[in-house]
């Protein structure tokens, strides 16, 4: 259950209207890495861990709710940056007078020119935010990643916070308004904080690699296929040992030859690893038991109830 | 700024898992008339009336926040209806044993069959809600209508509540679970309540017809064009007087003839109305002055701030 | 069955080309509140009432057909506003000469600059309308609301006409071309006319509230939840009696407390209303009988035929 | 300007309801190769040839209008195939009685089962067509191809008619209803007719290859790059002369070697063709003059008017 | 299996950065007629003809792979046209200094101005290509036409190449950079080459009209319905004989009258053709046998394998 | 430049047709975490690092090309799982005979029933893969994350590989075909390998936290806001020190109170950190210099060329 208080989480202000920056800022309102995406992603992920992982549920709802509050900050800032547009549009009959708008400098041509910045500010939203990215493309549910597995979802969140952070960083290049920069700085910093929260939560899940339950096939887990020839490089991603599993990278110089000589890789033998089909099977079964038990034991099969009420 | 409490606004429960109904219920989670649409529509509309119309802002945020809380109820119910799916998926290694799932009756074939109901419950979301409609189409920002004018936005909301109501009504035909019906009944009723709130708010705005500021051209406002011949009917929509403006409907039997004889309607004269071009112009100017003043007077042009903090 | 005559319903003209306004006007061609949306919405709604409600079918097809005719007016105007672009593009080999285009003032740089207004006018459509909104986002079927219930659909239409009206009103701020303003004035006025037609049709359906068939739960239909605290307001939407049902609003100051003390609202008792669970059940059954009979009696179950032909 | 008559162009009938086939048939209502796509494609293309190519405008509007009429046939058929669903939904209160629905055989479980076919028939549209494809994906304006050049647009139409034809052919495999097959046969045949109309129209444009105005570079127009090695085939697409320009195909066995030896193809010399850079330039200029003159001469630069009215 | 070499198929270069043209060029990167659409269309079509039509499979994969290589050329060109943007964004702390960017002439205002060209170059992609069209609309799988029938698919490809060709032709109007024009000329010419390849392949399939297997109904295959009255024209599309089937066009002046007098066209008799229901049935059966045999005989029903490996 | 060899990278086989699993497998063909998404994401990211970071360019192109090869494996498998559908559809005339299809057991009803699994296999694609997810939703460019910064992009890739891995894991629960499981196991394992490659590459970039260039504001980087009250938990994400920056988490029990007492957080002082506004500014400037130099120094400002050809 949500509750709203009228004050913003951060004291968002703008020095003067700036429809151009309002357009850019839409990227964080209705864009693919924006605040609505973050809020909805954590909110949707939370459902599946409510019962089995209540601590992660608490974390996800804390951050989701903060992101909704950030969405409100971004929308408010866009509205303030568009000050004057709505009032001008309401002056619908008065076409002949000189328009005093947008920091005083604009007559009709200027108003039209500004409208080109984002036509929908002028002809659709009446000078308010639209649920789109900076190009006017509507927000879509396909931005949201929620896969019902915390070792995956938390990694999705770490990446999402990284993208949100860089977009705020880029945005700061396009405004000189000290108030707006202050707000952007706050929002950018919170992505850095959330990143570390999700990372810490991921670390509490052990093992968390590979993500999910199943281990991987030792024949294919440490091979590097050189699919792109010319200007080739070697680095820790194709020589030495792999980061998580400590297997030795096998560099395949000529993938086609390997494919043809191994009946399409089916006949390949594991190299550079101690794992075997047998050890994998055992690990798969063990983790399957643990994870399915965690989930199943937490949920009754009938007469399921979400909340218990204190005063019941 | 939002706040979340872990309890749901309504005590949502399910008697037993039902993946088929979970799929149908997605229509109100990520569908075009669902709870997220409602929540986001009122939330986005609220920005433009925060300063000039604080009472409507309060109403919009009250209902928006309640709709977020309903979104949570719907998502929780879907999660409960999918009980067992996530645990089964986590049992990733254990393919050979008989699966005990979904009210006890299903072996592997059954599990696969259920997966066909909505494949993404099985292979994407791990048995949780997806931000899609009942066909798996992602939610889109284009569902949201917010036009920066309360006489328009409140009408959009009345229609939105009507659609949300009928979808809940339809949904009730597809479940026998008394707990689920109870929850659906609560949610459906709240749409009825919200409808009347928005209607009452619209009534406090006078004049509120036509929506917006500009009046309409008396030559064209009361003509009915019979564009679809055969099986024709007369009714209060094309005879007698019009509902809001009290003009007398002019029924045009043969639109093509009228168009050709009036130079493409340009030479048409007003009939069945007292309004004239002159009276319209005067009304336009008067309302323009009022509405633009309402908006402009409420907002400073520089150093704009959204919230004032009590303890500042 | 449709028929087309080459003349437009309204004598659309433009004084001179104006690619910028052409872009804005796309909002009413392929945008979410534009003419195609209106035409398709009424056309799709019409199918379900063809047999049981032939008078409403006639109305919906009359207006749908007029909206298709308006779509043609809008598209023609965009084409005229882009005069010169197509011819210029066809002059594909002739890059070196000075281009005489767009009211005489533009050389190559100007042509490129104009192209930025909407790139697809220049590189995709060859200077004609695209089936997109003013930002280039393609029209989508999700704009269309058709729910198989006239008490819902007509309300959707009233709201749709309101939005279409305000967009025309906004558009008029962005052009000085008297011909274009004349066309916009006609189109805007027709939305006002259609609004009243749909409202009149809705009034002939009794009862029409709540939309659909089912009544609402008297425990929840008149409660107002104060979900958004700070800067609170009271008004006819949360005090006095509700607009349609005449129940007394119950203002809930502290929703969380109420939720906790009523077992998640399940134990709440009705207040401020005479309705009871019993009276609701009776009303539901009565209206169910009437509405299902209206629909079922009008349609044979086998050998169903849509049209009867006069000369058969 | 459009006009509608209540009778369908074809006497569409169904023997009995069949929600499964209704779902499949959506592919031709709101799908990517369906009737709305065709109608809108020709309608949008028509704008740019109204003045310079009035004969093609006439053709495009004739076919566009017929496709709208076919859309109506498809929608009507879907509605008839869903007979019973709407009436059942209106019987909202009556959950306990045995439902007599869908050819008599179905009780509640059957109704729910049918709903799974396409949930939106049950919970959204009330048993009518939705503007989606057979998977519920909304129709989108991106289906429409209109590029402001008849030598391109007519080819897009030939391909579109081909696709529409095969979808009707496939659909016929999934119904045994003789009435429905009759309707599908009519609609399929009309695609075959339209195909030949567009082809005939394309033939009247000379030259019509390459599409558009510009010729092609003789160095690259007749080379075949063997980019996909193994199981290679030779045929008239890479040996002998090319279909339209009569140049001799040059088969490049080893594209990488050619690219490296020609400074990225820049230094390649024309082979197997008589065309030269010079001859191309001349042809480009000549056709540019013709085509741009055709368009420009037909349109005034100011005070542009779309229709002339007979009785003016 | 794909392989990549670091060199581009064509030596793409740019004289100097030009973010405006970069935006336009997105139309061929992530737009509806761009290189990714072409590549994916041929790639997806190829799957169904791998076994029964290996020569067409070879052709489709050759061209698909070339289109992927063209996609790389287009993306590289966009990246080069945006030179300077990424470096400038990385200079995140240094707001006060004069920015030296974009051919030397731009200070901060200029940088912001350029950002408006396509905001996502500035705030999302960091100065690289986005998978969108020139308006920022994301590429969608609905661009791809693949219908499992070569007589249809090859026609879709001919049309697709036509559209791609005209878009390159249009694009050349918007740049003076000789390097860029050279690249565009190469890419445009390859569309002309591919067009003729697909046409030649189509010609090897006999019969290939009508597309697919089923013939058409002789009652409806040669009728022209004059659905759009006023300014009517006659041409080879509605008089004389039809292009492919050689039937005589029957011009129906008054479609409504015909529909009404023939019981909705059901009672119409064939005219202007020698074909009969009988001859059609025979042809349908014959071609059904041939085509289904071609497909079925090529594929085993069990233990199906895609590739055979040389060294197995 | 790409090259294709006809053999698959892995020897994909199926035991027998299975249209239901074909539908599920679409999730990895045209779904949001599927192979096309991965291929396009790495391919698009590669453009911006071609010059400044050639080692990462090599890695990204190696993996992108492998993912294209996996896309081909997935598509081939879907095609094989649909064996029989295309041949059956080609038998277009032969409706009366008993159909022998799909492992021998299915007559017409069975064929129709299977079609319901995914209607587009039957009526659109002719029994081949569609570029959609398992619900038929078209692939969209918005799945692709490419932000022009390797410290962000590599994290996006790590998360993308995690999601792809879990989807393969889930898919394995829905098939018993040992060949298909073998293929899925290979593909799943490669995601595990790629994950570790991207992680190793990220580790070579120092510093890589925070992602991008700018540091974060020490006032807000280590605060945890308890936005979601009830059932609260403490863990390493809100107590102790943060994972990357080693600052001490500050737990804010009552965010509203803090907001109100600090003028909307503007007056908050840093706690639990040694960083200051001064130290942040210095770090920002230093990293700005390094990163912008890396990018700018690698690219000429004029006459930019992508590839150098060996034999030039």
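Chains: A, B, C, D, E and F, in written order; residue numbering restarts at 1 for each.
Quick note on the criterion: a residue touches a chain if its C-beta (ideal position, glycine included) is under 8 Å from a C-beta of that chain, and two chains touch if they have at least 3 such contacts.
Only a predicted model underlies this, so the values are computations on that prediction, with no experimental measurement involved.
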Any chains in contact with both chain B and chain F?
-> A, D
Same residues or different residues: which describes how chain B and chain D meet, taking over half shared numbers as same?
-> different
Using C-alpha centroids, which chain lies at the maximum separation from chain B?
-> E
Farthest chain from chain D by C-alpha centroid distance is chain A
Rounded Å distance between chain E and chain F, as computed from the means of their C-alpha atoms = 26
Whole-Å gap between the CA centroids of chain B and chain C = 12
In whole angstrom, what separates the CA-based centres of chain C and chain E?
-> 33
What residues in chain A touch two or more of the other chains?
-> 1-9, 11-12, 32-33, 61-62, 64-65, 69, 88-89, 92, 124, 126, 132, 135-138, 140, 142, 147, 149, 166-167, 169, 172, 212-214, 227-228, 231, 255-256, 259-260, 263-264, 307, 309
So how do the chains connect up here, line, ring, star, complete, or something else (other)?
-> other
So, with touch as defined above, which chain pairs make the list?
-> A-B, A-C, A-E, A-F, B-C, B-D, B-F, C-D, C-E, D-E, D-F, E-F
Would you mind writing out the residues of chain D in touch with chain E in their complex?
-> 5, 7-12, 32-33, 54-55, 57-59, 61-66, 69, 137, 140, 142-143, 145, 147, 149, 151-152, 155-156, 158-160, 162-163, 165-167, 169, 172, 182, 185-186, 188-190, 192-193, 195-201, 203-204, 210-214, 216-217, 219-228, 231-233, 235-238, 242-245, 255-256, 259-260, 263-266
Which bits of chain D are touching chain B when the two form their complex?
-> 1-7, 88-89, 92, 95, 108, 111-112, 115-116, 118-120, 122-124, 126, 132, 135-138, 307, 309-312
Touch list for chain C against partner chain A, complex | 20, 23-24, 27, 31-33, 117, 133-137, 166-167, 169-174, 176, 227-231, 255-256, 259-264
In their complex, what parts of chain B are in touch with chain A?
-> 1-9, 11-17, 30, 36, 40, 43-45, 47-48, 50, 58, 61-62, 64-65, 68-69, 72, 75-80, 83-84, 86-94, 103, 124-132, 138-142, 144, 146-149, 179, 212-214, 281, 284-285, 287-289, 291-292, 294-296, 299-309
